[in-house]
Every structure is written in structure tokens, then in C-alpha cells.
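This is the structure I have questions about; it appears just below.
Here the chain labels run A, B, C, D and E in written order, and each chain numbers its own residues starting at 1.
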Amino acid sequence: QAKDPIKLKVGMVAAVDMLALPIALERGFFEKYGLDVTIARPYATGVDALNALQAGETDMVQAGVPAIGAILRNMDLVFLGNFSGNATKLGSDATLALIANSDSGIIKGDLKSLKGKKIATSFGTINHLYILGLLEKAGLAPTDVTLINTPPPEMSVALLAKGVDAFVCWDPAPVIAMKDVPGAIEVIRGGDVISYLGFNIALRPWVEKNGATIEKFLAAVSEADQWMRKNPKQAAAIATRWIPGLKLDVAETAMQYNIQQVDRRISAHNYRALWKAQDTLQRLGVIKSVFDVNKHIEPKFILNVMNTYPDLFSDLQPIPADVAIKPGFVFKP
Amino acid sequence: MLHRLSSALWFCAPFIVLLVLWAVFIPYFDVNPRLFPHLSSVVQAGIEGIQDGTLIQHIKASLLRVAVGTVLALIIAVPLGVAMGVSPIVSSFLTPLFRFFSVLAGIAWIPIATLWFGYGFGAITFVIFNAVFFIVTYNTLLGVSTIPLHVRNAAASLGAGRWAMLTEVLLPGALPNIVTGIRTGLGFAWRGLIAAEMIATNVGLGYMLFVARDFYRTEVIVLGMIVIGVLWLLLDRLVLAPIERATIERWGMVQRA
Amino acid sequence: MKNLTIRNLSKTYFDPYAGTNVTAVHDVSLNVGQGEFVCIVGPSGCGKTTILNMIAGFIPHTGGEILVGGRPVKGPGPDRGVVFQSFALFPWRTVLENVAFGPKMRGVRKAEREKIAHEYLALAKLTEAAGRYPAELSGGMQQRVGVVRALANEPDVLLMDEPFASVDAQTRMTLQEELTRIWQEKRPTVIFITHDVAEAVFLANRVIALSKGRVLEEIDVDLPRPRSWDSLNDDARFKELSGRVRQLVRSA
Amino acid sequence: MRLTARWPSIGSIAPFIPVIAAWWIVTELQTFPRVFLPGPAEVVRSFGSLVYMGILPAYLQDSIVRLAVGAFWGIALGIPLGILVGLSQRARTALWPLLLFFQAIGDIAWLPILVIWFGYGLTTITVVIVYTVIFPVVLNTVLGVRSIPITLHRAAQSLGASRIRMLWEVVLPGALPNIVTGLRNGLGYGWRALIATEIIVGTSGIGFLMFDARRSGSVVEILLGMIILGILWYIVDSWILAPIERATGQRWGLVTR
Amino acid sequence: MKNLTIRNLSKTYFDPYAGTNVTAVHDVSLNVGQGEFVCIVGPSGCGKTTILNMIAGFIPHTGGEILVGGRPVKGPGPDRGVVFQSFALFPWRTVLENVAFGPKMRGVRKAEREKIAHEYLALAKLTEAAGRYPAELSGGMQQRVGVVRALANEPDVLLMDEPFASVDAQTRMTLQEELTRIWQEKRPTVIFITHDVAEAVFLANRVIALSKGRVLEEIDVDLPRPRSWDSLNDDARFKELSGRVRQLVRSA
């Protein structure tokens, strides 16, 4: 590694599932693969991270659902890897949960008891998709409950103030609410109801010029993933340093759930997850059209990494043959 | 009648210029709709919103919230401003508190306001209240303290009690400033609303902007901005400006413009 | 009707910015009986308005005491009506409403108080201007509104600060005669500031000459009442008294 | 009375005592779970640790610089604009409707579009602050200019003042009490806008501090941020604005108090 | 020094709220020669201030024309100095700075213009008050500041609106004598409004009596100059002229 390391600027959002980036930085994985990475201080949301990407402030970001809106608005994004999700199975939502007030009449494990309740969720995000999935699973229509738009930081105070009967959110909000809101119950966590969306994303022109760098980057974060899966407690400690205000006990609990879907690989499942999210959003009327997922997912870099460094993925379940990406793969709904 | 028509036309003229510039320049330079939407797409978004009824719902909900928050703020701010202008004791007690609290942004209050006033309507109203309150108080205070002392003295020696002093002297005397306070305050009420409607609601112009932002629908964002601006203009022209003409201009307290 | 006692009154204005003091009134004592008409004369800046303001209760005094009807003055009140040197009309009220203000404060009904106001306006030849706002009046008209506004409230004590300074000679004479008429009818205690020596002698029971914040001399005016300009213009006693007062003011 | 005369600062601290006491009691009574409404002690502790880590001083500096830049432009544009609109009938016809329209469209509504235009940097923050500061300053300046007695304009003109000199000799001092109130409102709300903007745009600053922690469920930093903002503004108001007021409007007898 | 020609001047105030018109000046014609001293008298509200405001260029006229030095008046200018009925001092300037304002606008250096201002202040017995702000002055003092502010600018035409109304008799006489002295020295054209008939006759070359917005009569004052109160007080011609003017005003 005598050559000068390649400079790279990546953006993240302050959340436990983004943690591979700081881990790779702190533990020297980027250096190891010949990269000199700067992490832009956390953006408020995925939307902001994508805006920063567009503005040229970063080369690569990690984001989920907001990328759909951006692509529909002519942003030519390419999805290169998967920071949270699952390549081996269709459902992956271990970092999401539904928390209720015990006196709200909602019963732990009984999704049917949601009927007629007020539920907070963040509209247009994966939280929204998750509650819709839960309702479908319970055999309820979206109109059987009242959904209330709430940003993730306000979830627990909304629950405490009894402004809502329950909320659906990603970590750490559910963990915090269970700890801090008296009488909060976890109605369901995960349950493989939907597939999480979380991609490494870059703009197409940049991708076309920086194939080698992308592979180095994906290798480094894959190694960080693996380290995280093996050392969740240490990873949680790192999280508290990078995410201000995060308490260690909260971080440890959240990390347990997080590592269940830390899988950088891409399979047909990830294609389907993206397609499904668009489909749901379109049916909700939030978006008017959809794009072809084949155009915006570019698996060749991560596939190369998987071939070159199989050890980095050895602790994960192998990808079933029928969903593995082979040359000439085209996703069809 | 003709006079009013022409003044209304003059009032609209700057906007017409702006609209024309928009309609011409954005397509001419082929601006990406994510940067700024075309006039036509905003118009279309507006038509769709009206047709499916959502726009009207958003407007109704927002107007109600702004009205409640603003009226509450006025009810408290104007008397308080007067009290501070008249009584040195009240003023020396409240001035430090005002200095301290006047910069605390509405959104920062959301978690605390939720605890105190409940999630949803209470918190939203509080945020709007908070946006209007300080500006109106400060302007009322200034208005009261610029009333010439001899005018207040005249009223006192004609037998005006506290109440008459308030209604007959302090309020009309401070009116120019109160109107300006309301004018700026209401502007900030709309801003507070946008900030507050990200929580606890699925209807309202702020909510509309919030969701549009997540999906890069700039035409909806701009539509929302225009709707807010137009509502506000109507309010100003139909309520504040006539009040101003009938009072402070009529009385010769400000120069007629 | 109330009497007025002033004992060792002083007033020092303190200028917090320049850190300087201006002593406008020095140790002034004065007794004004019930229903007496006193005129104060003196050069510009000698403290006349300052004394009036203290009696009215607008500014605190820095020494001595003021008793109106035996009670110390605590603040302004409707028992002491004031005509201001600077008029002090309410810009947001029409002329009629300005004049009706005092009765309104006393709770007089609308029709009634407008009748009162109209009567007084007629007296000051302002009937035409009743519906205008103060900003639309000439200087002299504004001053007359100020005068009748105070009169219409029928106070026990009337404090008038150069009330006829901007009024033309003719109207002024009418107003002076009207004022004595009203005074004889209702007998308020009057303190009247003027620069016009003839006016002072014509109106007063007693003229007080001030100089640099001190009482220079008091002159009793023993002219018979009712007085009118027609009868007094060539009156020897009137001339003599006027001459004396003029002399005093000149020496001040 | 005697005490406050000797140490005037006591007078300004005293009003906060009941506020802090109430806060302390409410948290001690555990009306709300402590994590949602931390007490004074927790806030002080987090203040200590943030200062110790060097985060707070650095963030504070960033925020102050941003505000200063924004406020500078807001004032530099706002006062001349206000004077122009206040004095010139033509400028008023052309600009007044636009001013009213855009003042209602809050900074937060612009934010999604601004970040696309200017990115996540100082430019966006500056634009937002300027946008917030400018309206109260302009509207108050307009009122101030219009309420200068016409005779003063006339006096200056017939003493030979040119149009330009009129600005400095008559218009500016005459409108000053209103301008200061405009600044007070504008700068105060500029702080608020800064906070709102730093949440989204900032990667440092007090607003960022408040909300970065909030995302992980912590309220202490919100309270801490509010207190810091309040104190800072207190200093700006009482050391800059209030002395200006005393030296001008009050000194000249334009404002009674 | 400029002459002044007024032809068929009229002014109607329109009240857009009440929709009413007030015609304050009707078809007034007047010729004032270079360096002439003209006094205008007339009852309160007869349009004196309105005429002055139109000559000064403060308000537009609704009929006729006004020529100053042969040119139509377009707006205010330093060639026409004005003393306002309402003083119109700059509250944000000290007395000294108020008086030095005109010279400052002409670009006179600071030391120089303060010297000028001090001289004029001494003349009005205001030396002590030089550093105070207008709000700290008595009414008469404010008025005197307004007078010397206009004088200090040495305009071609002096327009004075009841400049001595609030000044005491003694100071007033001094100021009247000073004014005639300055006038004889610099020979400005003066239009002087007053309610004091003796004052008008003492000062003027010509007295113009107004009534209800019309010129009633013009009276030439052929008293010799320099005039002083000592010599005029018992002058028969002075008495006769005063009597005639008083008669006129009374009939107005």
C-alpha cells in the first residue's frame, strides 16, 4: 500500500444502522483497502444526505426510501451495496418495532387490537411501509386505524403525552420508549413483514469513473460489518461516540437488532424490496410513477467483492441459488 | 369604485411581473424541476389539489390553527405590552424574561410543549403562539411608550380611569405599532405553523410541504408557498390595511402613502 | 370648589445623560382660595409650566408640598382640569369627541355629552369643525379645542397654560369674557398662565409675577366685576395695574 | 429598591428566580419522567461535559459567526429598503405587496429549495437568516419613517437639506425607535431561524447540538441549547440594543420611559 | 433677496374619508417687493398658515400661481426660511445643533457654524440652553430656537408663522427690535403672521388683513425706521394705524 490512499467523502445519517462507516474509519479498514475516507458529519435525514450528494458535497451516501423520490425527480442514482437489509430472505425489519401504551387497549402480540387506534408513524419513510405491512398482516385496512405523522425524535414524547396509542419507528426510538415511557409495551418487533431498504448510493457519472474505488470501499465496509456482527458490544460503544445523546444501554439493545440485518450483499430480494416499496408508495398516492429498479441497482461491484474476499461474508447465511445474481440477471416483478 | 379597482390592479402588478418572469425564464434556461418547478406544473398541482379536495382541507386546517394561535397571542400580548409600557415595575420584571425567552425557537419547544399541552393541537398552537407573541408585545410596548406624555396626562386630568386610559388613549395611540406588530407577527405565525405541522398531523399546509419535501416534489412546495402568501395577502388587504386606513391614516398619525 | 396651598415648592430637573441639574422652581409658596382666579406671569423659562405640571400631578416635586382641597397631590385627577401649552389633543378623536371626552369619563350619556360639547364648541366658534380630526385644524383652532375640552369637564380647579397664545385678538377677547362669565357662574379655582399683561389684569383677582423660579411679587387686582373690555379699555385703575405688572415683568 | 440601585444586575436576575424554582420543583415532583423534562442539575452537568469536550465552545462560535453574517446582511439590506418604501410612493407601490407576500412564506418553507440551490453550507444559512431578519426590520422601518411628523421634513428642507442629507438628519433619527424595535424582533427571530436551519443544514452549531442529540432521544441538550441562546440574546439585547435605545429615543424624549 | 408674486391663489383641502372639501384660501393675489416686510393678520382659521405653507412649497396649491424671484415654487428650498407655528425642532439635535443646522447644510465648517449659532442663541437669550435637547425646554424657549434657527440660515425670504406667540412680553419686544435690525441689515423679504396688531404695525411695511381665505384690505405702514418701542409707544400715527388694523380684524 505504498501508493497515496484514494480520497473519498461519504455521508451518513446519525443512526445505529449507519455505523459501519465510523467503524471502518476507527478500526482502520478504509486504510487497509487504500482509502482515505472523510465522513461528513451526520445529515438530519436521508433526504438531506441525498441533497448533499447532489450538491457535490459527498461522493457517496447511505439512504433508503428517500432515494425513490429523488430518482423519480431525475436524480440519476445508482445503488451499489446494502447497508441494512437482507440478501438471504425477503423480510427484514428487525430494527423496526411497534410500541404501545399498555392502557391503550392494544395487546402485545395481537395486531388485531390495533383496530380503531391512533398510531404515530413517519409518513413517506420505511416506518410508514412497516405499519402498512403490519396492518395487512393483521387483516386490517389502513382506514381501520388513524395514522399520525410524527418525526422519529418525537415518538416517545407523543406516546408519553398520550397523544397517540402507539407508534411505529426504527431504532432507537422503540428502545428508548420501552426504557423511558412508563407502561410502554412492545407489541411487535420485526416479524419479516417488509424488507428494509438501505443502500450505498452514488451518482451515475461518478460510478462510471470510480469502479475500483467503489470496490475498495465496499470491501472495507463489509469488513466493518463483519466486525460489528462479531463485536456488538464494542460496536455499541463506538455508536455512543458518534451519535450524541445515545446512551450505552440503548445502543447495546439497538445493536443487537441491527446486526440481524447487517448484510452488504445484493440479491434478487433487494431488487424486490425496492420494487415493493415503490409499489406501496404508488398505491398510497405518495408517488405518481415508478422507475425500473434494474436501471438503478448496479450489483457488479459488490459481486466482485464477494468473489475476491469471500471471508468477509463467511459468517452470513449463503444466498439461495434462486435469488443469487448471475450474469444477465434482470429483475421481473 | 374606479379608484379601488385601479389600486387593486396596482397591487397585483408586481406579481404579474413576477409570474411572467417565471413563466419565461424557467423553461428558457431549461431548469431542472428539482431546482425550481415550471409554472405549469405548479398550476397543475394546484388544480389537482383542488379537484381531489386535499388542498382545501390543508388550507382549512392551517387557517384554523393560525387563527387560534394568533388570537391567543394577541389577547395576551397586547395587554402585556401596554402594561410594560405603562408600569415601570411590570416592565423591569418582565424585560429580562422577555429578552431571554424571545429567541427560543418554536421547534425547540416541541418536546416540552408536548408534555405540557398535549401532543397535536396543543403543541402546534403553542408553537404558533410563541411565534406571534413576542413580536406583538414588543411593538405594543414601543407604541405605548411613544405616545406623547402630555396626551396621557390630558386624559388623566379629564378623569380617565385605568380602563378608559387603556381603551381611549393607550390602544389608539399604540395602534400604528400594534398593526405593524400584527403584520410581522402573523407572518411569523405562518412560519411557526410550517415548523409545527411536521408533528402530529396529517393535514395542513405545513404537512403538505413536509411530505412534498421527502419526495422532492418542488411544485407542491412552491404551490404551498404561494397559497400561504396569497392567504396572507388577502388577510392583510381585507383586514389590516382597511383598519390602518380607517384609523391611523385617517387620524393623521402616519403620513399617507 | 377647592382651595390650593403650595408650600416651599421646588423642582430640580435632573439630566441623567449630561449629569446636570436644572432647578426650575425654587421654594415657591402660594395660597389660592376657593374660587379665586390667579394669573401667573413671568419671562419665558421661569418655571410657570413646571409649577402647573406639579399642581396637575404630572411630574413629582423635589421639595415642599402641594395641597388641593387640603389633600396632597398624588397624581392627575379630574378635579383639576388642564389646558396644555402644547394643546395635547387626542389625534384619534374628532373635535367633538375630544371635547366630549371629560363628560364621557364621568359616564354622561352620549346624547347628553354631545350636547354639552356642541355648546362649548359654539362658544369657541368651532361648530363647523366638530367632525374634523385635530390634524386638520389650524393652530388656533387646536388651541381653542384644548380650552373648551377642559371647560366642558367643569373641574374644581382649572389650570390653564397660555391658553389664548395662538388665538387672534378678536376671538381672544370673546374667550376672555366668556371665561370670566363661566368662572363667575361656576366659581372654579383658576390658575392661568399668560404672557399678556392686559389679559392677566383683565382676568385675575391676583397676579403673581415669577422670575427665575421664585415669586417676585403678588398684585391684587381690585377691579369690579363683571368686567368687559368695553368698560375697562379706558379705565384708569386698569391702566395703572397693567403698568405695574408690566414694570414687574420687565424687571424680572 | 436600595439593593437594585447598588447592583442593577440583581434586578435583572430576580425575575428568573421564580422561573428556575418552578422548573426545579416540577422536575423534583416528577410530574413528568425525568428523561423528558430534565432538571437544572442535569442541564448543568451536560453543560460541563460539553464544555470539557470542547464541543460547546466550537459550536457556539460557529453559530455566532453564522448569525453575525446573516444579521449584517439583513440589517444592511433591511434598513435602506424600509426607508425607500417608507419614503417613495413608487417604491411602495412596487414593493409593498411583494414584501407582504414573501414575509408570510417562512424560511422553513424555503429550506428544501434553498439546500438544493446552495447546498449545505454557510450560503443557505445566511440566506435563511437574512430572509428572517429583513421583514421585521423593513416593516418597522417603514412605520418609523411614515410616523415622522411632516413638519420636520419641511423644516429640514427649507433649511437647505438635500434629499440625501435628509436621510441622515431627519429620516434615520426620526425612525430610530422603530428601527431598534425592528432589529430586536428581527435579530431575535434570526436566532430562531438559525436553530431551525442548523437542524437540517448544519453540521455544527447550537441548533445542531440540540437536535442531533434529540434524534437519539435526549432532551437535556435541547434545554441546554435554549438556555445558552437565551443568555446570548440577553447579552446582545442588553449590551447593544438597549443602550442604543437609551442614547437615542429616550434621550431625545421621543420615547417616554 | 427675492420678490414674491401671488396670483389668484386658492387651496381646497380634500378629505378623502369624509368626502368633503374645505376651501381654506380663495383667489388671493399679493405682490411683495424685494426686501419688503409684510405682516398678515386675520382670525384663527382664516388661511394664514395655509398660504405660508404654499409659499414655502410644503403643500401644493389647487389654483393660481406663486412666483418667488420670478420662478414658480416647486417645493421647499433654503431660499425661503420658515418659522413654524408648531416649532418643528429636531428632537434628536441639541439646541445648538438645531440652530447650526442650516449653515451645516450649506457646508459651513463646524467651528464656524457653532460660532454663528452661538451668536444667534445669545440674541434670543438662550446661551444657557445651548446643550439641551428640545424636550427639555420650556414652550417659549422652543419657539425662540425655531426663530433663530431660521434666522441663522440667512434666507432670501423669511416666512414666519406667529413666531412670538409663546414668548413673554419683554423678550418679545427685544426680539421684535432685533428682527427689524437684522431685517434692515440683510434686507430679506419677510412674510410674518401674527395675531398681535401692535406687533404687526411695529414690524411691517404693509399689513394684510385676511378673512375667510380672502384678502380683506392692505394697509401701508409709513412709520419711519429705525423703529423702537420707546419712541413708538406714544406715537400718534402708530396708534392710528393700530386702531385701523384692529378695526379691520374685528370686522373680519
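We adopt the following convention: contacts are C-beta pairs under 8 Å (C-beta built on N, C-alpha and C of every residue); 3 or more make two chains touch, one makes a residue touch a chain.
Keep in mind it's a predicted model, so treat the numbers as computed, not measured.
> Quick one: which chains contact chain C and chain D both?
B, E
> For the chain pairs B-C and B-D, which is connected through the larger number of C-beta pairs in contact?
B-D
> If every chain is reduced to the average of its C-alpha atoms, which one ends up farthest from chain E?
Comparing chain centres, A lies farthest from chain E.
> I'd like to verify one number: the distance from the centre of chain A to the centre of chain D, where each centre is the average of its C-alpha atoms, in whole angstrom.
Taking the mean C-alpha position of each chain, the two centres sit 39 Å apart.
> Taking the mean of the CA coordinates per chain, how far is chain A from chain E in Å?
Spacing between the chain centres: roughly 85 Å.
> Counting in whole Å, what is the centre-to-centre distance of chain C and chain E, each centre being its mean C-alpha position?
27
> Which positions in chain C are in touch with at least two other chains?
86, 136, in rising order.
> Which chain A residues sit where two or more other chains touch them?
Expected reply: 45, 47, 54, 153, 157, 160.
> Would you pick out the residues of chain B that each touch at least 2 other chains?
Chain B, residues with two or more chain partners: 34, 111, 115, 148-149, 213, 218, 250, 253.
> Spell out the residues on chain D that touch chain A in their complex, using ranges where they run on.
Interface residues on the chain D side: 32-33, 35-36, 112, 115-116, 119-121, 199-201, 203-204, 209, 211-218, 220-221.
> In the complex, go through chain B and note every residue touching chain A.
32-34, 110-111, 114-115, 118-120, 198-202, 207, 210-211, 213-218
> Can you tell me which positions in chain C touch chain B when the two form their complex?
That would be residues 56-58, 75-78, 80-82, 84, 86, 88-93, 101-102, 104-106, 133-136, 149-150, 153, 155 of chain C.
> Taking the complex as given, what residues does chain E use to touch chain C?
Listed in rising order, the residues are 13, 15, 18, 22, 41-45, 48-50, 85-86, 129, 131-132, 136-141, 144, 161-162, 165-172, 195-197, 246, 249-250, 252.
> Under the touch definition given earlier, write down the residues of chain A that touch chain B in their complex.
It comes out as residues 45, 47, 54, 66, 68-70, 72-75, 120, 123-125, 147-151, 153-154, 157-158, 160-164, 286-287.
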